[in-house]
Amino acid sequence: MTSDFTPNEMMTIAASRALSNKDVCFVGIGAPSAACNVARLTHAPEITLIYESGTIGTAPDVLPLSIGDGELCETALTTVAVPEMFRYWLQGGRISIGFLSAAQLDRFGNINTTVIGDYRKPKVRLPGGGGAPEIATSCGQIFITMKQATRGFVEKLDFYTSFGHGDGGDHRQRLGLKTKGPTLLITDLAVWKPDPESKEFTAVSMHRGVTRDMVQETCGWKVRFSDRLEETPSPTELELSTLRDLQRRTELANGGKKGQ
Amino acid sequence: MTSDFTPNEMMTIAASRALSNKDVCFVGIGAPSAACNVARLTHAPEITLIYESGTIGTAPDVLPLSIGDGELCETALTTVAVPEMFRYWLQGGRISIGFLSAAQLDRFGNINTTVIGDYRKPKVRLPGGGGAPEIATSCGQIFITMKQATRGFVEKLDFYTSFGHGDGGDHRQRLGLKTKGPTLLITDLAVWKPDPESKEFTAVSMHRGVTRDMVQETCGWKVRFSDRLEETPSPTELELSTLRDLQRRTELANGGKKGQ
Amino acid sequence: MAKFQSLPEAVAENLHDGDIAAFEGFTHLIPHAAAHEAIRQGRKDLTLIRMTPDIIYDQMIGMGMAKKVVFSYAGNPGVGLLRRMRDAIENGWPRSIETLEHSHAAMANAYEAGAAGLPCAVFRGYVGADLPKVNPEIRSVTCPFTGEKLAAVPAHRPDVALIHAQKASRRGDILIEGIIGVQKEVALAARRVVVTVEEIVDDFDDLHPNLCILPHWTIASVAHVPGGAHPSYTQGYYARDNAAYLLWDKISADRALFTEWMQKNVLDAGPEVFAARVEGL
Amino acid sequence: MAKFQSLPEAVAENLHDGDIAAFEGFTHLIPHAAAHEAIRQGRKDLTLIRMTPDIIYDQMIGMGMAKKVVFSYAGNPGVGLLRRMRDAIENGWPRSIETLEHSHAAMANAYEAGAAGLPCAVFRGYVGADLPKVNPEIRSVTCPFTGEKLAAVPAHRPDVALIHAQKASRRGDILIEGIIGVQKEVALAARRVVVTVEEIVDDFDDLHPNLCILPHWTIASVAHVPGGAHPSYTQGYYARDNAAYLLWDKISADRALFTEWMQKNVLDAGPEVFAARVEGL
């Protein structure tokens, strides 16, 4: 254990721990990419990482800045066309874990990355869903990583970009979905899991130094805490050094010559 | 012109003449393959030959014995998966000419290669359609090569494996088809084209030495002859030597070492 | 997660009586060794899917292993008819078989839909053809934008796919080159995949990024069987044994000759004979 | 039948006012030079299709060329939002644009269906999502075997596709390597295809048989524009200019700065500037 880490580092490392050698992950840019690669470089060397650009089984030495960086293709087992990626690999049910993030998230793991305000007269036009609508329903399970803030953790979404547990309970099953949906939410403050029945996200562990008030103040709905609320194990030296080395290599690669 | 050629050679060479540099041909084994390659080696060096095994732009030095011979792949511009072949290239409308042959053919160019007798209690179970049902409807036009015999040139098919002009007239348009269907029938005795209105095959030229009686005796329906019935120009020295060289190379390749 | 096994182990573990099985390979890479192993193990009541049933299904049907055959072209490519399959259909010898017949386009699309996890394939097909009258699994959907009626067939989802390929890496990743046919699709459509390979190499690190590769976690079993496609061929290793295809036309024409040939060349042989069969090809 | 032309000629001949156009490339091989030429030629009322509108559509929208944008992810990849596209949507500057929004899966399937000559694409998508409520082109078909309701979207059939690739042969065949995205599909879905390439080589005779190649008879025009993907990248030639993507966030944040930058770097430039831009990358 080490005493010196940031909430962001804790979030990334907590996410990496949830991954195993047998997982096939659909990786997004940012925290998911860092988490997956930390897992690959520590306890899960056999994990399969897939980016939606078509790169299967990548092992990037530095974190990509886009989902289609050359590094991903160069280190991949194979690179397929994007229609094949979405048809055979995602829709085909071959991805065990998909990572998603959100502009707005509700207590049931539903996600909005499309628009703030009315769709036709938006206050803020966000990038949109990209791969998320089908990642949310086709992957075996969904992990969400996101920094807590009341702006993002909302009582009600402005737009359902991708479906989590809907209104909770058996809503997924009622829509014919056979995948598990969001099973893990990892923030800069806590680790959350859905209640087995209601599917409402419940804080199951808080990171070191975090209080219940801090979790509640950054969340727009009334937080449920687990009866057996734990402290998230802090990053180990290995986890932290692996993450930091990865980030340093990434910075060096990007600074080393113009723009790469 | 040369005086010494077989009916089969005339059939193949007459078919080759109907092809041009700008054609993209879906080639079958046997006479179509020989015709397409004679065209490529004489007047149409830029013709594109496609075999349903996925080989695009092949230029085989010897005639393949199957549609998936290694020679086709080795000389192709590119080789694609079979689902892509049927989806992007055939169904995508990129083939100008498809070659078909038949066990039974009727006057409207409908084809049976499935069964003689009842489908459920067949007298003879033939190989079936393979690519033909969709070749018949997706290619810009269809050329049919076939030796004449009353057993094959029938009044009524036992089974419609692939659709030609149906009952004739505008039957194709009524089914929503936008392609031309059979536009040419080349036999060992004659060249036939569909009547512009009725779509019934009409003999437009007979090969040298062939009589109307010979054409009628080998055909199970009452033959219509064009008012301007011509003699098919006999093979030129170049055409004949090209075909024979191709066949000699093919025999050598197959005899040269065991089974190749 | 690919296991490296002997072919008898791989087939015993993955192919069971009553399975829906697809032995694929489009002219190229036909898994003859795997089919012969299945014959030796005496599997029965199989539903056999394959675009071109070819010699391997003629043999399996002739040995009475098939309950049903799903196919699109039942010929001996470049030679003629499949005589054992015809004998089963026309005379019920050695048993009657059910057939479900498609076009190539339908079969290719059905594999594609299986790989894509869809319940059915949608394509423009069978217009004016009689097959929809005799195959109840050919139906249609209507395009909700244009109103065009399109053909629909159920996705192929075999219990097991058996294919032959050029190379496996030591991790069990599979490389398929040349005429790749429907190999990727049938593998991704199947619940279990058995692959025989010509060669096992350390890794695929220096390959072009866009080749046809099946990752090890899509494969159940890999068996090293050099020559395992004979008399079909493996691009880069050996050529098609056209003489064997011609010979099959004679062997398969006679029940007694067929039975004798199968005893000698399949039942009394093993996967190791294939390497010798491709010498000089 | 591919014509070799200068980029101004190729764009003038193939891209017209009011066209449905798709400039594609998934992070890799984005046809920046072709987009800049279209901007210089002042095309207008375009319907622009693209999975990730990216800098090129931000520029074209900011220059008032787009009537409608069909897309699935309107972000500056790895950086943030597309500020010119937002300004058009939120404030109608310099003109209001219509948007038709899909998911990536829908867009990829729509290109695939276009290449396959189908009127629509069928896939499992949009379950529980709100997009079908705001996009009337998201409909459904019912599987005639299982009863499952599947999503359907119209096939993309652009009037013209503009893509960038590594190599053309002297015949005009096109080689695309690495992250091939939807390049093949958009080319085969379009009525006309314009390709900019890094290099022209004699032939493709020594290539692996299974690479991503578009035959010359599928291509309308080929233009030799080294560096033509910058600040996107071309695998094997130059790396992605991430600094330029970051810089765009600043340039596009301000209408005046944007206008000035476009004048200097696009309107007053030509395709020949791209080669210098990728030096050292």
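What to note about this one:
Lettered A, B, C and D in written order, each chain numbered from 1.
Note that contacts are C-beta pairs under 8 Å (C-beta built on N, C-alpha and C of every residue); 3 or more make two chains touch, one makes a residue touch a chain.
Everything numeric in this text was worked out from a predicted model, so none of it was measured.
The set of chains in contact with chain B as well as chain D comprises C. Between A-C and A-D, more C-beta contact pairs join the chains of A-D.
Between the CA-based centres of chain A and chain C the separation comes to 40 Å, rounded to the whole angstrom.
With centres defined as mean CA coordinates, chain B is found 57 Å away from chain A. For this pair, chain A with chain D, the centres built from the Cα atoms lie 28 Å apart. Along chain D, residues 112, 116-118, 123-124, 148, 178, 180, 184-185, 209-212, 235 each make contact with two or more other chains. Residues of chain B found to touch two or more other chains are 73-74, 79-80, 87, 91, 138. Shown are all chain pairs that touch, namely A-C, A-D, B-C, B-D, C-D. Against chain D, the residues of chain C that register as touching in their complex are 116-120, 122-124, 137, 139-146, 148, 150, 152, 154, 177-178, 180, 208-212, 235.
Across the complex, chain D is touched by residues 22, 24, 48, 56-57, 73-74, 76-80, 87-88, 91-94, 138 of chain B. Chain C contributes residues 1, 112, 115-118, 173, 184-185, 188, 204, 209-211, 213, 215, 217-218 to its touches with chain A in the complex.
For chain D in complex with chain A, the residues that touch the partner chain are 26-28, 51-52, 71-75, 77-78, 81-82, 85-86, 89-90, 101, 103-105, 108-109, 111-112, 123-131, 134, 148-149, 178-182, 184-185, 212, 231, 233, 235, 239-245, 280-281.
Only residues 29, 52-55, 64-70, 72-74, 79-83, 85-87, 90-91, 114, 119-120, 122, 124-134, 136-138, 159-163, 166, 171-172, 175-177, 254, 257-260 of chain A touch chain D when the two sit together in their complex.
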